[in-house]
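Take a look at the structure below.
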Amino acid sequence: MTIETATATGTGLSDQARAALSVVSTATLTTQLMDRGLRNTYLEGLGALNPNRRRMVGEAFTMRCIPAREDLDVLSVFQDYDHPQRKAVESVGPGAVLVIDARGQKRAASLGHILATRLLRRGAAGIVTDGAVRDAAGFEALALPTFAAGASPTTNLAQHHVVDMQLPISCAEVAVYPGDIMVGDRDGVICIPRHLAEEVARDAAEQEDLEEFILEQVESGAPLRGTYPPDAQMRQAYRKARSKR
Amino acid sequence: MTIETATATGTGLSDQARAALSVVSTATLTTQLMDRGLRNTYLEGLGALNPNRRRMVGEAFTMRCIPAREDLDVLSVFQDYDHPQRKAVESVGPGAVLVIDARGQKRAASLGHILATRLLRRGAAGIVTDGAVRDAAGFEALALPTFAAGASPTTNLAQHHVVDMQLPISCAEVAVYPGDIMVGDRDGVICIPRHLAEEVARDAAEQEDLEEFILEQVESGAPLRGTYPPDAQMRQAYRKARSKR
Amino acid sequence: MTIETATATGTGLSDQARAALSVVSTATLTTQLMDRGLRNTYLEGLGALNPNRRRMVGEAFTMRCIPAREDLDVLSVFQDYDHPQRKAVESVGPGAVLVIDARGQKRAASLGHILATRLLRRGAAGIVTDGAVRDAAGFEALALPTFAAGASPTTNLAQHHVVDMQLPISCAEVAVYPGDIMVGDRDGVICIPRHLAEEVARDAAEQEDLEEFILEQVESGAPLRGTYPPDAQMRQAYRKARSKR
Amino acid sequence: MTIETATATGTGLSDQARAALSVVSTATLTTQLMDRGLRNTYLEGLGALNPNRRRMVGEAFTMRCIPAREDLDVLSVFQDYDHPQRKAVESVGPGAVLVIDARGQKRAASLGHILATRLLRRGAAGIVTDGAVRDAAGFEALALPTFAAGASPTTNLAQHHVVDMQLPISCAEVAVYPGDIMVGDRDGVICIPRHLAEEVARDAAEQEDLEEFILEQVESGAPLRGTYPPDAQMRQAYRKARSKR
Amino acid sequence: MTIETATATGTGLSDQARAALSVVSTATLTTQLMDRGLRNTYLEGLGALNPNRRRMVGEAFTMRCIPAREDLDVLSVFQDYDHPQRKAVESVGPGAVLVIDARGQKRAASLGHILATRLLRRGAAGIVTDGAVRDAAGFEALALPTFAAGASPTTNLAQHHVVDMQLPISCAEVAVYPGDIMVGDRDGVICIPRHLAEEVARDAAEQEDLEEFILEQVESGAPLRGTYPPDAQMRQAYRKARSKR
Amino acid sequence: MTIETATATGTGLSDQARAALSVVSTATLTTQLMDRGLRNTYLEGLGALNPNRRRMVGEAFTMRCIPAREDLDVLSVFQDYDHPQRKAVESVGPGAVLVIDARGQKRAASLGHILATRLLRRGAAGIVTDGAVRDAAGFEALALPTFAAGASPTTNLAQHHVVDMQLPISCAEVAVYPGDIMVGDRDGVICIPRHLAEEVARDAAEQEDLEEFILEQVESGAPLRGTYPPDAQMRQAYRKARSKR
């Protein structure tokens, strides 16, 4: 499959785009995406498990779950090292974000702490699931940004059956294609279609720099009129201020 | 893929099993499934669009949708006769039931009346979706059992992107594997794992025959004690009554 | 327990009140109840399974379910004729309505067709559940008003454990005390606290008679002003019209 | 307010557009709207109360409800003929559709049968609410298309406070501006922005005529390829067939 | 409009009431409101974004959103300094709380960090929305109590259209009239009808003083009997203790 | 009632089991329960109010709420020291966990800070409710593990009527029988059926010890293959390492 190969070879993001995406906010990025006609890029309802490490950027590596069936999803299946979940974890490469389609169901977990630790060791950039994770205390202490819909102690087999990986999926009702760029911060997680990542990163950095200037003006007491959005005079003041840096 | 081939070749159900499944109720079938440890076989929340043709039996042919993306899912994609949705419809064989994973989202439809008509012509046995269908009036008049979570006039592109077919899916939070047996009646739709279909069909027919006898007794005023479940005496009366048929 | 005994002895409703409650609408009754400070008497979300027999009046006989547990709720428990569900059904008396607290969960049924048939034979006046019933086709053909949140083929043991009867319960987030009066019609089911039933029945009959008169005026083209609510002149016309009957 | 006046004077739809909108399906109309970039025009979740009279077309007359407050929303307020709800009903003109913002709350009704009868007498074209109506049996017998999220016997005062009319509102999470064109059929209700109504009506009529032809071909056994969408040859056949009419 | 003027002139709360409302808990206040027949004064589901500044008191300044429409709600509308959202922000006066009706929808934000900063500069007392805010990290650092249903990076235009201000609204299914008193603390936000604010403030302060005394007794090991609620003896002890302060 | 007595006499857990349950994670415990066929033991959706004291173990003491009725649930009922809620609190013994069936409704609280303080003084081991608590700030400061679905300032009477205690209940859609063992940690709360507690505690301690060893290996860079689950060689390494302790 073409998509999968592309991901594997990881031509990936330019260093410049990755750098920009590591600092601009998801708020700025969604505005850039909306400007390009995309209104549904935010994975609503997912929170950061480790608040001090919630800044995340990386290519999506997708994994899909369907509901468990009592005769298929029994504890003994984990004896198989090639169980799809195990296999997926051992396929995630450096800089990638494991994105799990758990159908928004969180009565049972969709990933646990030991597998997350393995992902960290493999160089993964983060974890995103619209389900739950188990052993949340372990995640809190792990140096791997993780965004989930909740925590649940119950093993995934009670509700989920990992069926395949690297196919386009739904996560929190947003389409995620393998290789798309996932970005996370305090507001949550967004998905940037791969082909837009470079230009969105560039324009977002510019937008954010201007908005920081605007914020300073508003903090100093400037009214919205003339300031937000900036009129010609304010834009000139901005350019002047930035030229001094 | 082995599963897909198996479906294609359609060794299918024995005539006897198919005949039994065409008359026994989904209520009886779920009891047989629960007796085998399966508690989650009912696709909750789907209703019959054509109440007079709600009895349905057939092998599952699966189709999966992820959320639409505004730049990919535009009306012009339908110009492609190999668009996954069209291709899936033209792949459903005689006696099969098209089962759609629409993530339970019904703001837009997951299938329309023209495609359903094509399915009927191809000999399909039914349609099941956990999303909506459009032009419900057309479905009401169509001789094809259809179970859906609702109706919506909006074309699927506004919310859905058909991505693949004949993979295991979730439908109404039940696992459906290609080739599983879908059965529908007034209570809704259930999914019988393929390997259990023959024995479940046989045992369900027996159970239902007994329960009809019990119902007659209760209708005649018999108390539950001794009758439901039947004690030794009642079972003897049953065998005697049946031997006369 | 006092309440239980009171129900058992069934001093019940006066014939006059029962007659009135058999014809006035639930719309009128809820207005009478709101006039007495009760705003939460409607069991939202329950529909009639047998549309031609949806008029229902009777004293509540309550039954409570908690979630099933896999080791306790197995098919063999039904071998016990004193299983709480069976016992409850055999305890419902003539004119009573079986009201089931199913916690609003309808993935599995909370009652089936055979037990409902037994209730009919025992003289029950109806069934109300905030869960589902199974074999809905059977219910449709049964001469027993039944209101439920849905249909499900799955046996109650998959989700419900009947634990006791004739205790105060929640049904569709309304408090139902044993002996309260349940009334059902096209708009659904309401619960009238026992001690208010006589006066509410009387006042509702009066209100409804007046509103029928008003409706006739509006149908004849009268504007709301002066008519709804009726001013002094309209009230006089009403009395005059009624005196002729 | 300009919008309100425009509605009052009712320059309204052209006869041609109104005629077209009276026969084309909401399915066709939403496709036309999506072609113009509008993906959220369907009021999900509303059903027709009077199935035999569910075809509806008319200009929106909006009414807004906020939650009730126990001290303000008491039964005596209805003594005031200028109560906003009564006033709104007496302001709806011929051909208009009363559209109610009930915040999707249906524990209590947002309109009753007597007021609906008055609307019918005033020449209204229909009623749309994302809440409930009371005395649904009355609505079933009324010659006025009514679409609602449900039925509830409880008077609106228990949950709703009508606060104003003819302001832009939300109904079932769709923006409805006074004067927009509401169309209803078996699939439910859609809202066409006023300024697009003429062109959408025209193009929808054309689209539907073509799709009827396509449907005939599919019914006759034509495969999707070449037929749906129609290729050059099929379009020629269509034109030829239509020229004969 | 009378209400609006009254708010504008801002006769406002007495200093005494404001002082009391700044220290008593929302728990005590809702009890006082329930004692006056008001059971629905709590805006369920809203959390404080800046936990260290979650104590809030102020008059409600309302703003209403309806769903966005793709052709109206485009990024360029923000070029207009008189856009309703901007105008509302520049109309909020010192001591007021901006209360936003976002219909409980939080896929997109209903307010961002720059506008919140402007509100702070204008002397606003807080922000309440039943939708989301964007750039939550900015809010966390802002000295302005803010209660929201969640965070979302997406600009409000993707889902919301600000339509008017200072009209009665619904916020989290509670009626909020301009000028009502909004109070927030760890338990969330409540709305006190304007005309009850003075007496509720006074009685709540008294109640809370007594409950603090009771809590001390319970902490010291006193049983509920005699203590909570306090009997005559305990009330005497309370008065004695307080007389010493 | 036998169950109640058993609880009262509190033969309780062995010291060894209690010690084990005080350190093993709920994640490990649910795996042990699933291994015994129990898939629904986790009370989804409840969070710890006092994050620093979220480790909890104790026998369930159950309390049940039904919806409030305006005429029964008035503030004056609290004058009765034998009000069921007060009585239940004064019946909870040392080491027990008060588990409240609040039907998942959290618009009003199901318990307040003063009663919780009393429970602490009585030696209770914790509080679990699928509803809300009021005065959450007080709970945060209380040395009593408390798990709830949310916070609400509103007194329980506005929505709840405490009806009985020590009956089997539903809490967050899990069956809880009096005397069952409740365990809470960062992932939330689980319920262990009483008769399984000893063996589950023992096996969980063993499992957890092994998983700690596995985690160390994964942290050191070991791949999943051979490590998780451990193959024969890894198990030997584990035994060797443990023998040195």
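By written order: A, B, C, D, E and F. Residues from 1 in each chain.
In the analysis below, a contact is a pair of C-beta atoms (placed from the backbone, for glycine too) under 8 Å apart; a residue touches a chain by one contact, two chains touch by 3 or more.
The chain lineup, named per UniProt: A, B, C, D, E, F = Putative 4-hydroxy-4-methyl-2-oxoglutarate aldolase.
Since the model is a prediction, treat every value here as computed from it, not as a measurement.
Path length between chain A and chain E in the touching-chain graph (shortest route): 1. Steps from chain A to chain D, minimised over paths through touching chains, total 2. With centres computed as the average of Cα coordinates, no chain lies farther from chain F than D.
With each centre defined as the average position of its C-alpha atoms, the distance from chain B to chain C rounds to 33 Å. In terms of their C-alpha centroids, the spacing between chain D and chain F amounts to 50 Å. Residue positions 39-40, 70 of chain F are each in touch with at least two other chains.
Working note: touching chain pairs come out as A-B, A-E, A-F, B-C, B-D, C-D, C-F, D-E, E-F.
Residues 70, 75, 78-79, 81, 86, 89-90, 106-109, 112-115, 117-118, 121, 134-137, 140, 150-155, 157-158 of chain D are the ones touching chain C in the complex. By the touch rule above, chain A contacts chain E in their complex via residues 25-27, 29-31, 34-35, 39, 41-42, 44-45, 185-188, 190, 211, 214-215, 218-219, 221, 223-226, 228-229. Interface residues of chain A, counted against chain B in their complex, comprise 36-40, 66-72, 103, 105, 161, 163-164, 167-170, 173-175, 193.
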